[in-house]
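Shared between the two complexes below is subunit A, which has subunit B as its partner in the first and subunit C in the second.
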Partner chain A sequence: MDDWTVLLVDDEKEFASTLAERLNLRGLRCETAYSGEEAIEAMAKNPAQVVVLDLMMPGMSGLAVLEVLRQRHPDARIILLTGMGSVSDGVKGMKMGAFDYLMKPVEIDSLMQTIREAMQKQK
Partner chain B sequence: MKSMEKLVSFLGRIVGNPEEIEGPKRYDVIRRNISILMLLITIIPLVSMALINYAQYQSTLRREIVEPMKVLVNKAKNSLELFLTNRLAILRFVASAYSYDELADEKNLQRIFRALRQEFEGFIDLGLIDPKGIQISYAGPYSLKGQDYSEQPWFEHVQVNGAYVSDVFLGFRKIPHIAIAVQHSDGSGRAPWIVRATIDTKRFDQIISSMGIQPECDAFITNKEGVLQTDSKFYGKVFDRPPGILPPLTYEPFVTERVDSNGNSVVVAYAYSNRSDFVLMFVKPTASVLRAWYTLKGELIFVFVIGVLVIVIAVLKLTSVMVNRMKISDERRELAFREMQHSHKLSSIGRLAAGVAHEINNPMAIVNEKAGLMRDLIELNPDFPQREKFLALIQAIVQAVDRCRTITHRLLGFARRMDVEIEVLNVNDVLTETVGFLEKEALHRNIKLTMNLAPDLPRISSDRGQLQQVFLNILNNAFAAVNDNGSVSVTTWDHDPDYIGVSIQDDGVGMSEDTMKHIFEPFFTTKKGTGTGLGLSITYGIVKKLGGDIAVKSKLGKGTRFVVYLPKRREKGGETSNG
Partner chain C sequence: MQTQKALFMGRITAGATHEIKNVLAIIKESAGLIEDLISLGEKNGRIPVEKLTKTLTKITDQVNRGVELSTRLNEFAHTPDQDAAPVDLNIAVERVVSLSQRFARLKRVRLEAHRKDGEQSVFTDPLAFLMLMFSGIELLMNHVGENGLISVEPSPAQGDIAAISSLPAGTTIAMDDAKTLMETEGFQRVEELARNLNMPVRLEGPPLRLVIAEPIGSPV
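Let's look at the complex of A and B:
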């Protein structure tokens, strides 16, 4: 499990990099992508097992990215981050095959917990 | 038409332009203006009609009353003249049928006189007067032979005019009579002599009684000096001289109105005789003449007054109804406009708030993560200098971020209206549950909490959690408003076919008008420092989303009453999006 990679996709660079660093501190290998396109590219090069995907991004939307990733990387477990009040997008994502969704702002501990669950589910 | 417009604008200027007047006084002005205009428009024609009718009736009636009087008096005058002409003709016949000598013979004269008396009534005596004015012969009850008339005015008169009719006078037997005389010349060179007769005036009385006048009227004959020649009912006996009764001389019969010597207003019809000094007069009290007119006038005035009254009442009623309707529709329009404005304002504030919340959320998330990273790093390093202090500082940052998060969360909740989960529920139950949260506080502060829940309240389709939030928000406000020992009452009812009602009333500090205008706006708060100003705006949003309505009534120092109306049936296509 330790060799697994987590890809964190969020257009807010400071947020994504900081969160990635905190996840790294907690023993995960965490990469970042700052847009949907970047995320798809990164997955093509070096596929991650767990993707934490923000649904609200400029350019390619989170749900569009989800759709692409579900096709190209059916094994990858995708956790969605939804903005406040957009529960319906989360539900939609779940129906499209996402593993879970979390409401932003997210507590680091609950994110860790969900990632762990995703990893265990893999096996 | 033009003048009417001018009149209207003129009136408009007098009474003031209602458009320029604000508030309820405006409707009073409108009401007054319309009333005045309508009254003028209806009453002016009515008054003119009444006046024209009045004048016409009066003149017609007068003609109808006056003309017969004139005819009657003229007829009587003609009878009188006929009588006098006839008697003069008889004398002329006597004068020309007999010679002077035959008439001078008293025996002859007596015979002629007897024949006259037999054939013609009224002859009292007959005499022959020579050109010098000496009575030559006489037939009659007196002994007048040898009497000298040369100095008497009538003698001169008959010599000038050829005939003479005297005024009435009393003879020796105290019977009123008149003297008539004619002058005759036989063409034999003898100077013209005079035949004179006296006749009583019974015939005058007959003429007057033949007029057939009503009991309240009077008819009589006077001479041109106004001395009565026959008895009068009102103005005395023969030879009396009632003042002021004689009308001016006219050749035609005439009718005039005057005030008589008794002070009565009378209508006088009179005719001056052309052949004598007599004036025939017919007097009728004005009151009796115009009785018909007065009756008609009374009816006319009665109808007019009733008509005006009916018009005034109708106009006032109609105007009142009209202006009230106008007022109500104005108020409705204004209310609808204000509501629209209010919801528009709320929705634009909501969009703004959502935008702000989003924009703030992202940097807040960064602050949160940075602070989290700092904590992670410090916790991993046990030798970090002033470790505890920094951890406390980071904790403070995280808490502040949390507070921001609460605010933005609520803002978004207000703006976007969270998901709705509809179930069939009993609002009474929801209220009871919600009040349960506050029972401890009520007990602690000794607040009297009254529940007046309608037992037969129908179940409705709504969102339990959101209703709870609505009621909790309002109840929280109520609890904040009341003092310890205050009271809060919750009431439900079912009076409307489409809505059920819930009211939450407190006897707390209340609100000013100004506060009431703003209470549903986001960030408006009176709890400085402790409130977010979002509670009631969220409440408003939820109630609207649930298809209901919320109203508030409040008075400073008296308390506040919130009323929430919830639809019994949920409309399809309501706002359930959560985008």
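Let's look at the complex of A and C:
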């Protein structure tokens, strides 16, 4: 998993940075972006193989970011994080080409498992 | 009106509980990180005390944030207890601003509450009054644009009970802003809510400012 890069996108900075730290401790190389715009910029500079994307963010919505990333980085696997009120957006995201969606708060083991599956599909 | 109130309560509650869930998610990940660090430390014989302390501080901060959010939500839940009561304007402004912060953040708008010295109050329907101020905030938030500022002030002048002012981030302010906004559905909604409370509202500007005046005639 050494060469795998994951981009974690969430506007809750404390959440994103802490979760990224935990993923890093598990052997991933995890970067963070705190908005959709930042994520698109980060992907342009240094494309990640897997993007973990929160759906509800200020500015560009998660679905809008998903659309842009699917066009510009068709190989990247995108895992959506949804809240209780946005499950329908998670389903919509799957139809738009997301790899999977998980409900927040997410268990680290199931997130790791989903990232691993995404990586295997990516190879 | 009852349906409008129920919808309003639903929106505010959904926003506040979403924030509380975020707080809990941060606490959960921080606690998880502490577990990870301890387990790693046990393996390599080095406990990263500084990192652990930093993470514990993060948990404390989030607990305080959660307490503040749930206190606000609890106060809000008690707002409909009385159909009419004296409403402290400083508290009402503070409360509506606090409960609207999430909506402001999603629109990337800054939202501030101002206080006025001394006790200022109005006898009205407390929930309907919060709903009126929230609708006013939302109206200007939708208009001010990203990085704009909305400030809410109690008793801005004699005869007025609240003012919601907007300041766009850019330097260009269209001269017909107030006139354009008066024709929108959002303003009509504000007017309708204000009418129910017998409170005249006026839109001034640019920069845009929505002023709510004292209720006319007998208390609601």
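In the analysis below, the second predicted complex is superposed on the first by the 121 of 123 C-alpha atoms of A that agree within 3 Å, B and C clash if a C-alpha of one lies under 4 Å from a C-alpha of the other, contacts with A are read in each partner's own complex, and residues count from 1 in each chain.
Quick note on the criterion: a contact is a pair of C-beta atoms (placed from the backbone, for glycine too) under 8 Å apart; a residue touches a chain by one contact, two chains touch by 3 or more.
Since this is a predicted model, take the numbers as computed values, not measurements.
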Exercise. Check subunit A with both subunit B and subunit C modelled on it and let me know: fit or clash.
Key: clash
Exercise. Could you tell me if A:G83 is touching subunit B, subunit C, both of them or neither one (first, second, both, neither)?
Key: both
Quiz item: Thinking of the overlay built on chain A, is A:G27 touched by subunit B (first), by subunit C (second), by both, or by neither?
Solution: neither
Self-check item: First, second, both or neither for A:P58, with subunit B first and subunit C second
Solution: second
Practice problem: Between 346-354, 490-498, 526-534 or 544-552, work out which stretch of subunit B sticks into subunit C after superposition. | Solution: 346-354
Quiz prompt | Overlap of subunit C and subunit B interfaces on subunit A (superposed complexes) | solution = 12, 14-15, 18-19, 21-22, 25, 83-85, 104-105, 108
Quiz item: Within the complex, which stretch of subunit B touches subunit A?
Solution: 357-358, 361-362, 364-366, 368-370, 372-373, 376-377, 380, 401, 405, 408-409, 412-413, 416, 418-419, 577-579
Quiz item: Across the complex, what residues on subunit A touch subunit B?
Solution: 12, 14-15, 18-19, 21-22, 25-26, 83-88, 104-105, 108
Quiz item: subunit A touches which residues of subunit C in the complex?
Solution: 14, 18, 21-22, 24-26, 28-30, 32-33, 36-37, 40, 55, 58, 62, 105-108, 146
Quiz prompt | Residues of subunit A defined as touching subunit C within the complex | solution = 11-12, 14-15, 18-19, 21-22, 25, 56-59, 83-85, 104-105, 108
